[in-house]
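Heads up, the next two complexes both have chain A, just with different partners, chain B and then chain C.
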Partner chain A sequence: MFQNTKCECGHQNPTGTVLCEACGKPLDEKEAGGTDLLEMRYDGAARRSQKADPSIIDQVWNFFSSVKIAVYLIIITLIGASLGTIYPQEDIFLSNMDMASYYKDTYGTLGSIYYKLGLSHTYESWWFILLLVMIGTSLVICSLDRVLPLYRALNKQQIRKHESFLQRQKAVYTGATDNGEEFIALFAKQAKKRHYKVTRTEDALLAEKSRFSRWGPYINHIGLIVFLLAVLARAIPSWQLDEYVTVPEGDTVRIENTDFFVKNEKFTVQYYKDEELPAELRGTNRAKLYRTDAVLYRCLADCGPSSPEPKLEQVASHDIEVNSPLEYKGLKLYQFDYDSTPVLREVSPMLIDKQTGKQYGPFKLAMKNPQTSYELGPYKLELRQNFMEFAIGEDGKPITKSRDPKAPAFIFLIKGPGLSEEGEPYIYFPMQKDKAAFSQDKLNKGIADRFEIKVGSMTDVKFVEFTTFLNVRVDKAMPYIWTGLAISMIGLIMGAYWQHRRIWLRLDGNAVTIGAHTNKNWYGMRADLAAALKAAGIQVDPKSLDNGGNRT
Partner chain B sequence: MRGSARRPVQIIILLGVLLLGGYAIGKTLFASKEGLPSPGDTPPAFTLSTLDGRTVSLEEYKGKPVVLNFWGSFCPPCVKEMPEFERQYEKWKGEGLEILAVNLSEDNLTVQNFVAGMGLTYPILRDVDKDTERRYKLRQYPTTFFIRPDGKIGEVYAGGMKEADIDERVQRLLKD
Partner chain C sequence: MNWLDFSSSAFVAAFFLYCFGFLFFVTAIVGRRWSHGNPDRHEKRWGNIAFVVSVLGLAAHLLFFITRWVGGGHIPISNMYEFMTFLGMAIMVAFTIIYLIYRKPILGMFALPLVVIIVAYASVFPQEVQPLIPALNSYWLKIHVTTAALGEAFLAVGFAAGLLHLLRTIDFAGKSEDSRKERLWIEVTMFMIVVAVGFIVTVFAFRAAGYEAQFTQENVQVSQAGEESSKVETVKYSMPPIVKPFNSTLVHMDSFLGIKQPVLEAPSWMNGINAGRKLNTVIWSFLSGLILYGILRLVLRRTLSAAIHPYTTDIDPDDLDEISYRAIAIGFPIFTLGALIFAMIWASIAWSRFWGWDPKEVWALITWLYYSAYLHLRLSRGWHGKRSSWLTVIGFLIIMFTLVGVNLVIAGLHSYAGA
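Presenting the complex of A and B:
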């Protein structure tokens, strides 16, 4: 469609201009004759890059330049993001379980469909990232296409505007004056009092206030772009880490994918007393506080998982509690969980000759990789077999049900005076409960009447009472995310708490025409205008300045 | 900005979007899947010691068909599989088949006793602190990887197999 973009005032406007850049007269011929209120968005300036014959690049550009498209993108993204909240996302689970069956078993057919659609990792899916990238693009292009023309329009405003431009503002005054010169001077003085910036010619005036608030939305957008880029930057290797480590009390454990080791020096847990708990929770152990006294080491050499003795250097220590992580150069260790199931580590039992009452030992028996032979006085113990979680298999043979010392059992061959040449087998259960459950004496048959292996007291038993779970995090993007959010907040405040107010005055002989515009708070705008008129000798009720359509 | 600068600015911004956005989206598409390494993937490298004290890395076996089996004495289907693997090893050894059986971080005595009782002749590797199994993202025991001579995974089987299942897969592996 051909559009004549040359205004009657002689100014040549770019394609898409609504109000003449110079005098403000509506350019559309239909509009020009009307008396409706003007659409003042972007001061009527043409969006940048609006062309009569767009190329492919222009078409792509124009697609992203549309605010309508931006709104649709945001709505689609919101709907997409909400889908991810129906069931828990995969990444919250720590264990390496089979996710497909987890969703099916826990949430039924819907869960299975949810998993198959990939909604169990909504926020990492290609379509979600694509939407974010499109929103980012739209942010940049929309802003650029609007802020530059707006900047130009506001930077070189013509003071004397077209009559129809003034008449069709939302706050208008028309009247007459005997002394135009004096009227303008008094009007200007009052406007300045109210912190307006006044520019004037002989027969026109422009009073303007808080123009900077117009840049608020764009500064907000810059902040959001910084935010989005920071989120994307997390993809840079070593910028983000999210690991979990299990550290039994007293142990030093390697942190996967880092050079660091962490030691759990001591773990403390305090529970709520019954009187501190609501009735329905009484009698249960509710943790009030749990704390890991942790030491962080950096590994200098021999760091591999199969290395028996990595060379460590202490770099930090901290008593980690919930919300009080250990921090070291961007690495943070958070208290995540704990386990209070005791784990047996080592026992020091004695060999007791039941007939003579003589005791031999004690000897150290580690649960993991124990020594295989022991000399005890005249007797010799050879460790033949060990079981971490003892059980009797289907074929009647002893088996182990796991690799953790939950129900350890050891089969020794005892050699010595009064015993057969090749030795006699003796099975030993360090834990009293297992000894009873598997009837140790019965299994040992005859030898049980002559010998017993047992610990003297609890001091001969070493076990780990607590195991702590720590969450190890690195997030180098965080400072940039905060910067982005701060910029965005500044923009929001600029746009929200200040208003750009403008008053145009035009003198035609004795006739005075005044139009005023603001983006919000018309009440204040009219009050400013009425005050200026009053100072110039004209009493008006601020309400009478309303040209229609103003509710505030 | 005047009209002359407009086109270059457009092109720079669109190119920037294409690059950054393409990278971000590409990453989600080609991200390492959470689950087990799958057929066509290169299996994670490892260097582990064997029961008889040698050191073995997966790399040394490049060019040969390899059956990589993860097992533990605490896992009954693993235990059941071991003699089947032994028979398969005897059967296909001549064709170049290698079997590597990685124990799931159990202690010395347990593994020694177990292997001695079985009379296994293929190498038994010792994982430490679940490191290798974690890198292979195992969710179930036993899990067996059939690795082609070109070093890529041909097939993966999670769970216990019957001897016929092993035989069939080994034959496919030897054909590659």
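Presenting the complex of A and C:
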């Protein structure tokens, strides 16, 4: 530990100071006598982590303030992250799979071990998240520990530095001049030409440039902290929405957990034509475009799931493509997938009197929310029941297996002349295959001889060709994520593309001593110094200013 | 002649100009020995010639890029061939910038061969223009891929300078344990480069000979409903099969040196028909790399690194260390912007989330973490010189794995580039 913190120039330094805050003289007894290059990190200022006798809090602080620990954390995170890429992660599979046996069957014993170690969900595991949190902590503490002393040191720089401080910089010049006053003036003029800020006294000079670049790393770290906090904030449930909606062409569908409805006006899928493809891809279906022409509605009233007619107001419309989601006030709808299995939408059958051959209709029968009664000449059809995927249940009664119109069936009551007062039931299968499979005529018994409901031609049958799958997202953390990344990027650019350069000059009678320091790009530093010396009448090869190699 | 034909010619021109640029850089450095007059003047003169030729190569490469863009209708960075050629071009851009700052011809002796190898490697992949699939049809393709590649290019130049620094500073006469170890690892690095060359040579040799072999593999799959179905897959080898895919049947095989049957079979854990083919390619690369390395050793009569070392002694090692660090300091922010930030923006538009732990994303993050460790070690822990240079060598390995390895070994959302 450093005991004597009072410098010979009279300045009292905090414990842990390496170079006197005022004159720059090395304070450490061992260092003081040396001739090696000085360690200029943080300008040799004392850091909080260098307190003389640390308490528990200090020890935690010291742990996280160590760059060595930070590097270890980075390396461990890096290795941990790479483990997660050996086999696919669980979340890319359907959730109802038996993952344990999947990894064993697909990747053998190694896969089984991988699964048992929890590496199949590396990035959600406690140790990985802990590592990220520790990196975040390290970012905060490392930065605070260094930026404050550095700020103080740079803010109260003394112009005239100790001789040994100058002699032990990495770029040094020593010489003599007859006219010190003129030498400094010429030197200063050239330095200003190169955009240095020059401050001087009678017998000393400090030329400084791009000090702001020193704050680059800390601004970068602030950005990363904002980013990491935003990532953690994504765990707030109300900030997140991740829903999938299935929308057949022409339908309007509720988006669960929101007030919104989305309509699929039209779905388009295009493939490249053979002449657009290179030889080896010809004959393959290479997709060119998936697009859902979508309209977004907000529900104003009657929004309940069972409400037949919610009151909707259009709020946005957009042709959603893979790289072009619909956006409305933080709600985003993405093209996720599509299905091209045709779905029956509407039939327009006629009621045929088999005895007279007379036809009544056609009438529009929609699969979804059909009308409940139809007037057809003297007859009236009342819809009693409908089934979307008709089947006979175990108790012999008709049931529906799903809400998708895969095998629709309708039971009407036919009323009219020559029929009983309360009407006679008639079951109708719009699809020919179902009509045969469930023997429509047999089910209808007697009435099948008198009436038939059937479509005239295929033009009276409407199918929906495409069903689109949209991913609906809300992520309220995103603005903070982008802000953090933007700050981080600004810091990186500040730190990487500018360099903090300083030149100290000191006159002792006729003797000139110059030391220069930069945090990177010594090549440019030496060139600046050589140019200023040249202006003051001294020709030197920039390389000759090098005071020895990097210390490792 | 249409745009694409012109583009291919420009590519060939760029390739040869790079080769000549390399030879001239070698002349500039090696020729110092046999220039009887002034070695510095010789180096400067030939250095300038080499640089001009390299810049002409870059111009031809740009011409290739632009004409292919016009002819193909979209920016040529959408498959492995296009990406690797672009990476080669980006390394040339990075090299040109660094060269203009430091003007050290010896840097060209290392950067140019790197470009030549990458461009030649690109040519291994199918070269047809493939129309864009919807997922790639975004202006973020241009922004993300070009910036990421440029960042990686600067990191690659940092590697070239770092490798040079090692060849310059390693003690080739020293008897100590440390210098022996260093000599071993630098030679391993050189050997890996020779293997990469061996791979390219093998591919083109067998391609020129029109070699082909074919296997089928039958896989029985049990669906969740318990139904069994079998799928027969076919794989074509373009190199003689030393190793056949696991549990596969030979359909046809051109005889090679009188051998008409594959020698070995891939182990069972390498399931998937392409795993066998990839293993076979790796074996061939090592074989031809070994042969190539053996020939070089016989000619040089010492290790490759020891043979190169004497030509590096005219440059100051500190300068090399600084060039390497400078290239990385320039490349790191560009890489961050292109490979992470722009990637996140695009992902949030195309995939509805900005980050999804896709293998390519993870490896971009690993690269970034690695280089941030490099910067911290260098700036705060004083890792300069050799240690820093070794880090650039490992860093380049990580970059190449991220760019190529992930696509070949691990599939994922970025699998468009698989080959």
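Note that in this section the second predicted complex is superposed on the first by the 377 of 552 C-alpha atoms of A that agree within 3 Å, B and C clash if a C-alpha of one lies under 4 Å from a C-alpha of the other, contacts with A are read in each partner's own complex, and residues count from 1 in each chain.
Note that in this section a contact is a pair of C-beta atoms (placed from the backbone, for glycine too) under 8 Å apart; a residue touches a chain by one contact, two chains touch by 3 or more.
Here the structure is a predicted model, which means the values were calculated and not measured.
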- May I ask you to name which of chain B and chain C touches more residues of chain A? C
- In the overlay, answer first, second, both or neither for which of chain B and chain C A:Cys303 touches. neither
- Message: Under the stated touch criterion, which partner chain does A:Ile399 make contact with: chain B (first), chain C (second), both, or neither?
- Response: first
- After superposition on the shared chain, which partner residues are touched by A:Met388: those of chain B (first), chain C (second), both, or neither? first
- Once the shared chain is lined up, is A:Leu241 touching chain B (first), chain C (second), both, or neither of them? neither
- Name the contact category of A:Leu492: first (chain B only), second (chain C only), both, or neither. second
- Go through the superposed model and pick first if A:Ala448 touches only chain B, second if only chain C, both, or neither. neither
- Message: In the overlaid three-chain picture, which partner chain does A:Lys68 touch, first (chain B) or second (chain C), both, or neither?
- Response: second
- Item | Common ground on chain A, meaning residues reached by chain C in one complex and by chain B in the other | 97
- Along chain A, where are the residues that touch chain B in the complex? 48-49, 57-58, 60-61, 90, 96-99, 124-126, 129-130, 132-134, 136-137, 140-141, 144, 148, 229, 232, 235, 254, 256, 305-306, 368-370, 372, 383-389, 393-394, 399-403
- Task: Would you mind writing out the residues of chain C in touch with chain A in their complex?
- Result: 101-102, 126, 128-131, 133-135, 137-138, 140, 224, 268-269, 316-319, 321-322, 325-326, 329-330, 332-333, 336-337, 341, 344-345, 348-354, 357, 359, 362-363, 365-366, 369-370, 372-373, 376-377, 379-387, 406, 410
- Partner chain C, residues of chain A touching it in the complex: 39, 41, 67-68, 70-71, 74-75, 77-78, 81-82, 84-86, 89, 97, 107-108, 110, 122-123, 272, 276-281, 286-290, 321-325, 332, 334, 336, 471, 473, 475, 478, 481-482, 485, 488-489, 492-493, 496-497, 519-523, 543, 546, 549-552
- Query: chain A touches which residues of chain B in the complex?
  - Reply: 1, 6-7, 9-11, 13-14, 17, 20-21, 23-25, 27-29, 31, 34-35, 47-49, 72-74, 76, 79, 104-110, 113, 128-129, 131, 134, 137-140
